[in-house]
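Common to both upcoming complexes is subunit A, partnered first by subunit B, then by subunit C.
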Partner chain A sequence: MHDGYHGKNPPPLVRPTTAPRAARRRNPYPLWFLIPAAVIYTVLFLVPTFASFYYSLTRWSLFDQQFIGLDNYIQFFREPGLIGGLTNTLIYAVVTSGLKVVLGMALGMLLTSQIIGRGLLRSVVFFPVLVSTIGVGLTFTVLMNPDQGLINKTLALVGIQGPGWLTDPSLALLSVAFVDVWKGVGLATVIYIAGIVSIPHEYLEAAKVDGAGRMAVFRHVVLPLARPATVTVVILSLIGGLRSFDLIWAMTHGGPGFTSDVIASVIYKQYQAGFYGLSTAGNVILFVLVTAIILPLFYLLNRKEVEQ
Partner chain B sequence: MIRPKGVLLGSVSIVVSFVIFVVPFLFVLVTAMKDRNEANLLQFSWPTRIVLWDNLVQVVQARDYQLVIAFVNSTTLTVCSVAILVILGAMVAFVLQRRPGRWTRIADFLVLAGLIVPPAVVPTIWALQKIGLFRTMTGLILIEVAFGISFTVLLFKAFIATIPRELDEAAALDGAGPIRMFFQVIFPVLRSVIVTVVVVQSVAVFNDFANPLYFLPGDENATVQLTLFNFSSQFTSQYNLLFTDILLITIPPLLMFLFFNRQIVAGQTSGAIKG
Partner chain C sequence: MTVNFSRSRALAVTAGTLALTACSAGSLRADAGGGSTAGAVSLTYLVDNGDATVKLANQVTKDFMAANPGITVKVDTRPGGTDGDNLIKTRLSTGDMSDMFLYNSGSLFQALKPETNLVPLSDQPWANNLDANFKTTVTSGDAVYGAPIGSFFAGAMLYNTKVYATLGLKVPTTWAEFMANNAKIKAAGITLVIQTYGDTWTSQLFVLGDFHNVAAAEPSFATEYTANKIKYATNPAALEGFQRLEQVFKAGYLNKNFASAKLNDGLKLLGDGTGAQYPMLTAVVQGLYDTDAATKQSIGVFPIPGDDAATNGLTVWAPNGVYIPKTTTGAKLDAAKKFVAFLASPAGCTSQTTGVTPTGPYAVKGCTLPTDVPQVVKDTVSYFDKKDGTSPALEFLSPVKGPSLEQITVEVGSGITSAAAGAARYDEDVKKQAQQLGLAGW
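Presenting the complex of A and B:
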């Protein structure tokens, strides 16, 4: 992918005229460079991932396990508290990535146009990406307090009775999703900024000469040419959104009830309760969900880009 | 040239983004400066009496200086795992980029898998127990390496692709073996991308919550994020102390941001788009 002009067959490193034997004996790119990282990665990532398929079929306490077939999965799909986590995960991932694409692109357009305070604005929008998710979650829990919180007090000033952002069962998940967007939109924005500034200036000039208005330039020049940025933002936010745990745990613990539980928080709760097999089944379901969504998207979006 | 329209649009954006993105941080700051009663009103107002120092002392001393221990733990974790990530990640990226072939294609696939697949929690604990590293700092450091290596390799690979092979050839002609070639010739050239990796990964590891929660439980091992989370249940009626804690934990990323703004943005975007 990034090999550029190097092609498939690398040119011989040491020219054959000098010392062919020595060159062949000492490959300058030894495969053992991969070994230390490969060992850590295999032991702590690959092996547990493969083991999870087996252990999800057991009743498991780390010391002994008993094979119980698909019982964990049946339980997962039967209990409303567990299966609710699956739908919530999907809602959360779709809402956060959708908003990040739309807002990230809008902010990207704004922050590449000729306005004052551009550098300052870029920094302000990006900074929340770097701060602690737990800190952000706890801060917004306070700001979203139904009676005393700053958000509802501000709404009250203009005569709106604000809802119980985190206490209303139908709203809690979306409220957390909004905070996720608040924290993550800066990353989407810088990706769009990088995508938009890489569009050759001639295209924009040509469109203007042809009499295209601002909207037409956006729709027919910026939108298609910023496509790689959109692909990146969609895939990154879906991966992040489907796995999301920290923010939900810091703000609602999955509550009220199980209304804002996602798969990752279900995994943690079952782990805490000692149901290791069930928890691991949750992990396998999350694995299947993430691959089933990301892989097709990856191929679809990348292929279309090649066709253009 | 900035036209009047740009001035207007810029001013409006500054006001709006100030309200949305800056006010929450100011809220943290003013609440951390208030005394307990005033902080518990949750108002966004300038404190009548500034007691930031008292709050700091109380937070630091809480639970036998747990916050100090947590800062030491988080620093150890961040420094060690990022150092290992940089060295191992650069070695892997160098070979994968320079030596296309069957093995490296498999490795490329595994790197992508590491980016997408969510780690399985309990089986990872099981693996850590098997090698005797569960509940140890070493174990958690290796976990951060295992989960962070994919992104690191992608960042390094994109950069190494821009380094001409003639550099390797020259080193080989001078008789340098692989180790000398890599550490004395290639590694120094990677300086700018190393800065990016260090900044991006240290922010990620420092802010990590889930992995310490699962793989290094126990009060004496707590990292700053876990301490903050524990304080949030302990300090429910002491918002001044909770927000002082949040303020303290926001300082390291703020310093990173002030010093390395450009590298952070470059790293987040380049790795992302090329990956």
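Presenting the complex of A and C:
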């Protein structure tokens, strides 16, 4: 992975001390080929990132800014909505990630078995992944309307009085999480299908010869050998869950009241209110938080994989 | 892309005007008043995309252009609400603002840093013709920055006069009378108080519309509030707004679908008499007139009642302002000044009345309302005619307004938190706004 290595030729097997120099000399591309990409990366990514660290230390009204040190961070941690937002973020991430693992695995098993219309079913499961998140959010908002929504009208046909999916404070966040799972489970399923298909047939046959039932095959062969797929699904959906915003904003705006606010929507509302410095500080905190959760998890899960 | 396009076109037009006026530079000043045919000037006017706002903007620009043949005004629209706030601030700070723009007066206007961004208009002849209450809402420091567009309106209790007449009810002047009325309405099986938390902003009226009562009990509330000396949670008069919101929920007075209903659902319930009362801004009732003309007569308004019948009065909202950014200069500035002068003249008021039905009195002296105004407007005007019958809402007296009030009132109004906790949270919320504005004492 050292930066001088781009070509098809493998690095020469020489003594380590001379390796970097040798590689550099062999590099067929001049360094200034990097410049266009580097300029774009610097202007569009590095400058705004470091500027945001600075602006998070100011009280910024777009017209002027005043340096106030760490006051924004102090204010952000005092935010009454912060604890609720943090809790909701974690609940949302864990619920969506857990359900995607369980349902993705189940659908993956189903769609790798010999069933009729397997190709069609695979497409159907994957289809929601392709649709715009905002579109899905707005559609489900209509479906989940307590009086006129299709879901509660259907429930009413069988005599069940459906709840206010998005207006009941104790249900709103879970309803959004359910929609997130509906939309995201297709991707998890595809990852699991790939993982399950790659399990060598010999293991399954050997287990069957030894008299293992379906459950035993699943528990002792498929589940452990599909572990890389599980790791990928957990990491991807946890990252997605922690920084989730678009679906929640489209469906509830963090409501009713503050009951389905997550960190990202708390930050967005501060931005909307014109507290640009404060919301930038919130973004820096969100960045640190996601990194702090994902990095160790990634390391832990990957290490176990290697140990196997 | 559209931004770039209009900017380059604006540059071209400016260059053209400069070339034309260069010939008669000496007489430019003298000509500015009457020489409307000399050089054609084209202005852009940015308004929010609300139906009534756009209709009004189209009418006044049409009438203005008819009276000033040399000037064309093009109406541009922007989103309303907080998206619109950010758009306005971004365009002002990047020097990319339209030649004139419409924006709220009061606390939102103060957040635009008028001294650095807007052209002062105090020296304009019409500035002395403005209603005193309106004038303070577009004044920053000692300069006036805006001309009014639209008319005053109230934040109060809309009610269905037919329901009141059928049940033989009298308009309540105290909270006790209001609750007594409610008992009778409930017996008739009609929804007492309509709430529509599907549009969260509609939840704030019990608090915001109660300000006349707060001001009656605490005359210096606004100044002390700006100075961080008085709080919603600890002042009994101020807390009452939150408590009443809690009270109507706990009493089960709300429409069944209050949590998901939207503004238009609420207006429909009120219009067809399924609901009796709806605390709301009176400006929005216009939306109902188009679908059901009979509601012009059947919907009236009364103030959110307080404790004392003697101080019963209406909390009113000032019209929006039209402002000129500092980036408008030269011939365009002269033309823009003519446009705002037109808005602040009786001819401008007449034009506005042609565009949309007024919601209350105009903020310009010498403007009159037509006689056939809807019942809501008649009721509103009657409080303006009464001594001490109206108070401006708090946002016109103090720059301090928290951004999360609508979420807080939804929580209090649907029983998620108590009135006391909601008020305390709002006090915490306004602190950020006060600090952002750099006010003393926060």
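The rule we apply is simple: the second predicted complex is superposed on the first by the 271 of 308 C-alpha atoms of A that agree within 3 Å, B and C clash if a C-alpha of one lies under 4 Å from a C-alpha of the other, contacts with A are read in each partner's own complex, and residues count from 1 in each chain.
The rule is short, and it goes like this: a residue touches a chain if its C-beta (ideal position, glycine included) is under 8 Å from a C-beta of that chain, and two chains touch if they have at least 3 such contacts.
Given the structure is predicted, the values throughout are model-derived calculations rather than measurements.
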Side-by-side fit of subunit B and subunit C on subunit A, or clash: fit
Per-residue touch tally on subunit A - higher for subunit B or for subunit C: B
Partner chain in contact with A:L86 - subunit B first, subunit C second, else both or neither: neither
First (subunit B), second (subunit C), both or neither touched by A:L62: both
Touched partner set for A:V234, first subunit B, second subunit C, both or neither: neither
First, second, both or neither for A:A226, with subunit B first and subunit C second: neither
First (subunit B), second (subunit C), both or neither touched by A:G164: second
Partner chain in contact with A:N145 - subunit B first, subunit C second, else both or neither: both
Partner chain in contact with A:G257 - subunit B first, subunit C second, else both or neither: second
Touching partner for A:I115 - first (subunit B), second (subunit C), both, neither: first
Three-chain overlay, closest Cα atoms of subunit B and subunit C, distance in Å: 6
Shared subunit A surface residues [contacts with subunit B and with subunit C]: 62, 145, 271
Residue ranges of subunit B in contact with subunit A within the complex: 1-3, 6-7, 9-11, 13-14, 17-18, 20-24, 27-28, 31, 41-44, 88-89, 91-92, 94-100, 103, 107, 110, 114-129, 131, 142-143, 145-147, 149, 153, 157-158, 161, 165, 168-169, 171-173, 177-178, 181-182, 203, 206-207, 209-210, 213-214, 224-225, 228-229, 232, 239, 242-243, 246, 249-250, 253-254, 256-257, 261, 264-265, 268-270, 272-275
Touching residues on subunit A, where the partner in the complex is subunit B: 1-4, 6, 8, 10-11, 13-14, 18, 23, 26-31, 33-34, 36-38, 40-41, 43-49, 51-52, 55, 60, 62, 110, 113-118, 120-136, 138-140, 142-143, 145, 148-150, 182, 187, 190-191, 193-195, 228-229, 232, 236, 239, 242-243, 245-246, 249-250, 264, 267-268, 271, 276, 279-280, 283-284, 286-287, 290-291, 294-295
List of subunit A residues in touch with subunit C within their complex: 59, 61-64, 66, 75, 80-81, 145-147, 164, 166-169, 253-259, 269-275, 278
Partner subunit A, residues of subunit C touching it in the complex: 82-83, 85-86, 89-90, 92-93, 111, 113, 116-117, 197, 200, 257, 259-260, 403-404, 407-408, 410-411, 414, 416-417, 425, 428, 432-433, 435-436, 438
